[in-house]
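Dropping the structures in below, format is structure tokens.
Presented sequentially are two complexes of subunit A, the first with subunit B as partner and the second with subunit C.
Moving on to the complex of A and B:
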């Protein structure tokens, strides 16, 4: 017997006055009994349409297409009557809005057992007991059978809805925002109840929500939807650890539940729902879109184990990659290993924080991946091209490095204008007027003066913080795709630090440049970074999602370091 | 206010008293050389009065054995001494300095080659070699400058190579190289401005060395016989039989000696004073 649910190419088009609106475009998935699948996405991404289409509740004039194989039986092509019977015995849906679903003039008990009696699953005599049993299953006490919906709290109503959904003992349960109107405690209880019910009853579950944390707790697999399409599909933990589609990444950054300590950043641009032309649906908001993204729709394809991404470039492009990099320093007759087979993968638009105690090889590693220093062994790739020299630092849109000490990084004999314009002038990048206007623009964006008097000031007359920003301006004036910043905030006061980092994040959000942030400030790393590498003695101690590592500092291999560095560690 | 004027004012105010005196003396000597024809009415290469006349009017410093006015010879001789000093300093200073900077910056084989060359130059006994070369190529003023420069570039080269080596590790220079700057750019924009004070000081030392050496060569009779340098005057005076038995040395030998000493001392004092420029820590 087939124990799986297979949805293939489900489509939904809503016919209103004008053009038909395609809310859901060719969505397929497979779900086994007893497992759960999460569907996340922003509002209007087609989540609820998918649920309605699966239930067969999309009525004319709206259209659905595709096929749903429900435990071996084709469901969507059944006649309406058969569909209804089959649906009642196998699947159920918990709707998101309790007040709309519950009948205000009927007591809870009768609402719960109404369908059971209709299907002759229980007699009117036993109905009350059955209703009480159901209510107890969802964590209520049972007396609620006699209550009217308005006499119950929101949380209780939501539980009643859950009880209704499981009343017919479904094998496939669809939950649409099961905890949307609940407070924290009720929400946690609800999650526990759903989990234990699933264990007890063994149904397959489709959880629709924009609450990533809820989906993370309830499901093993996840689908990320955008504009009626699945853009990423994979194991929930893996997707949370390292989202691959640019949209997923942006969505995670915009979710407060995912990274409570991080800054919130929405995805720039607006979702165009009426877009029906060919091409990637996310292209206008994507910072790495290519020409082909305009004309061809990317198909969902496997990019690694259990991971599918709908992107022409297989998700976020790896911009700077280091493989087993080693470096030794010869001091006298002693060889000191500064780096020992260190690796890194910095992706488009990502912030990677490199943390570790001083002397752990962070700065050496930064210099090596910037092409400033050559490794003894190992390879660096910039967009797939091996990096063997400083070639990419000499062009616009390449790699730029900001050194740790702003006092020695700028010549005290140069004026601000000469210092910032140096890379442009060395490489003959722009005309003289353009260079000056670019310098001014960059200085202004870093909250420095852009007046001529400041431009003509010698760098030796600047304060440490100003020097640091001038050094940063020298890197940003080249409009890099990768910025490697070594302790750039060490000299800045808190307000300037906040502004500089917000500026960098802003640029990152809009232009999609990747940032490798070397710091010993863990709180800062927690605030801004997506991925994290912890180094010690030239080796990588831990690597992965910054939020995961820093939130579970206790279990980390570098627990001591992390707990000492975090404010609330 | 004019920025150049302001800078000059700062430069003057930063000097110590000996430095200020040295600057004034140098300025005076230079004016002497530049305005030589205006400072004397007497010709400097032919007789204009009785021989061996003591200082008086119209020969304020007296005359030599041929009756040539000494003051006229002194002011015109200043041109030779200063030309030799400045010419040698510029040639050896810039040439040697550049070689040293390139050696320090490039390192490797170029550095090795230049270093060996410096070693050879340092090992060669310079005065004897110069005497031979001057005798061999003939003793025109130009040849003397070239020979002097050839034998003195190694010192600035060594100093600037060392300076470059320490600067090379400076992050801002490394950053410039990281941005793709070539040797030319780094030299022009960073190394030369940074090392210029060092270069100037070693050039001043070179100048005083060159002036003394030229005088020595002239004294030995190897100078340019057509150019009446201060050394040549001494040479003629010393070669005058029995000069110490007469009072002639009091003016004939004294005045050229006085001017050479003044010039060299002024250069030495200025050089010492300018050392502060090379090391900002002294400046503060």
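Moving on to the complex of A and C:
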């Protein structure tokens, strides 16, 4: 007997006065009995439409297509009367809590048991007891059977909705935002209730939510939806650890639950539902889009084990990759191992923080990956091309390095205009006219003055914060794809540091360059980084999702180092 | 303030208005009795006028008059009709059952028909069956009631002879059984009741159609369908019950128009209800009788509202606590 739920090519188009609005476009998934699948995405991504389509609750004049195989039996093409028998016993849905999701003129008890009575699973005499039992199952007290919906709080109503959904022991349960109206404690309780119910009743579960943490706690697999399509699908833990689709990355960065200590960054732009032309739906908000993204819709395809991504470039492209890099310094007769088989994979638009105590080899590594220093062993790849010299630093859209000390990084004999325009001029990248306009533009984006008076000032007349921003401008004027920032804020005061970093993150968010942030400040790393590498004595101690590592600092291999460095240990 | 006191106050205001309005008009009843249009009746002399004023208590100060008026009403005495030479309360009591018969049965009928057609339309909203039904019902309910009555009278009573032309029962008839009497009264009532029903169905139909259409889009309807409930349960227990709530207020208002609504129809069919009584009262400027009819009408409005209020509370649990509605 088939013990799985297979949804194939589910589509929903809502009837409007004009063109039908395609809320859901060809969504497929498989779910085994007793397992859980999460569906996340921003509002309007088609999550609830998917749930309603699966239940067969999208009615005329709206249209659905696709098929749902419930334990080997076809469901969606049944007649309404036959669908009802499934809805009564095989599948159920816990609706999102809203004002009138429960019938306002019926007491809770009869709303809970009316289906049971209709199915003759219970008599009207026993219905009350059954209702009380169901209510207790979801953590209520039982007296609520006699209450009308308006007499209960939002949280209680949400529990009633859960009780209603499990009343008939479904084998497939759809939960739509199951904790949206609960406070923190009640939310945890609800998660526990759902988990224990699933253990007891063994149903398969589809959890729909924009709350990533909830989905993380309840599911083994996850689908990320955007604009009515699945853009990424994989094991929940793996997706959280390293999101691959640019949208998933952006979504995680915008989620407070996922990274409570991190700065929040929304995805630039807005989803346009009226856009029906071909091409990737995320192209207008994506910072790595190519020509083919404009014309072809990417299909969901496997990119690694248990991971599928709908992207022409298989998700975020790897920009800078280091493989077993080693470097030794000869000091007198002693050989000091500065780097010992260090690896790194920096992806498009990502912030990777390289942390470690001074002397751990961070700066050496920075110089090597920028192409200014050759490693003794190992290789560096810039977009797949081996890196042998600093030629990628000399071209537009390459690698740029910004160093710790803005006072020595800028020659005091140069004016701002000369300093910032230097890389463009040396490398003959643009005409003189264009150079000036690009300098002004870059200065403006870093919130520096772009007037002629400022351009003609000598860099020696600038404050530390201004100098560091001018140094950044010199890097950004080359429109780099990788920016390596080596302790760029350590010589700045707190407020300037905050300004510089926020500006940098904002530019990254809009322009999509990858940022390799080298720092010994763990709190700073926690605030801005997506991925993290912890180094000590030239070796990598730990590597992975920054939030995961820093949140569970005491469990990590570098616990001692992290706990000493983090403000709250 | 307590609901009961609100009702009492309203009733008191009606009583007072009923007392004050005729007295605010210029002149007094005797000037009109004496000043007939055709100058055929005799003029009252000054002495006679004074005699009658004293006889009817109109020479007393207004406060005393008001006090007497209230006392009479409490005792159930509504005065004496000049034109019918009969006590007003007796007159009204004789006529009221006939009016009630028409109004209540047409109300019940129009409710049944209106709810049935309204829900039919709502379930098929924006499909052709709905559009056709909507047009037909709207056209019918826009035709004035007396016109419908006239047409029915001409076709079914005068031409086809299926129903009697006028009145509430055959005069001087002797009934062999109760059934016979019922048959006679019933056949007299058919045409007026149908007329009133047609006139009133439109409003109820529209209300049910709109209200049910709104209810159908509510989330709890989706919840009900997701539970896989049987269709009749979804339609009647979940949808219609919610949709009929606003209808109750409407029924109350219509019941209140007990006399007003039936006046023209009663006149067309010469039906001996309150409506025809009111017409004659107006024609004869029979103030005590008019006052009595107004009093009954006003009281029935209050009563209907009271019934609607208590009924609504039973049906919609949300208004039980201090009328606070989410």
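Basically, the second predicted complex is superposed on the first by the 524 of 569 C-alpha atoms of A that agree within 3 Å, B and C clash if a C-alpha of one lies under 4 Å from a C-alpha of the other, contacts with A are read in each partner's own complex, and residues count from 1 in each chain.
In this text, contacts are C-beta pairs under 8 Å (C-beta built on N, C-alpha and C of every residue); 3 or more make two chains touch, one makes a residue touch a chain.
All of these numbers come straight from a predicted model, not from anything done at the bench.
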Partners on subunit A (subunit B, subunit C) - clash or fit: fit
Partner chain(s) touched by A:18 [first = subunit B, second = subunit C, both, neither]: neither
Contacts of A:184 with subunit B and subunit C, given as first, second, both or neither: neither
Subunit B versus subunit C as contact partner of A:102, first or second or both or neither: second
Where the C-alpha centre of subunit A sits as vertex, the angle toward subunit B and subunit C in the overlay (nearest 10 degrees): 140
Greater subunit A contact set [subunit C / subunit B]: C
First, second, both or neither for A:401, with subunit B first and subunit C second: first
Which superposed partner A:426 touches (first subunit B, second subunit C, both, neither): first
Minimum Cα separation, subunit C to subunit B, after superposition on A (Å): 64
Residue ranges of subunit C in contact with subunit A within the complex: 218-220, 222-230, 233, 237-238, 241-242, 245, 315-318, 326
Touch list for subunit A against partner subunit B, complex: 370-372, 390, 393-394, 401, 403, 405, 408-411, 413-414, 422-423, 426-427, 474
Complex contact set, residues of subunit B against subunit A: 170-181, 185, 189-190, 193-194
Residue ranges of subunit A in contact with subunit C within the complex: 52, 55, 57, 83-89, 92-93, 95, 98-106, 114-115, 118, 148, 150-151, 164
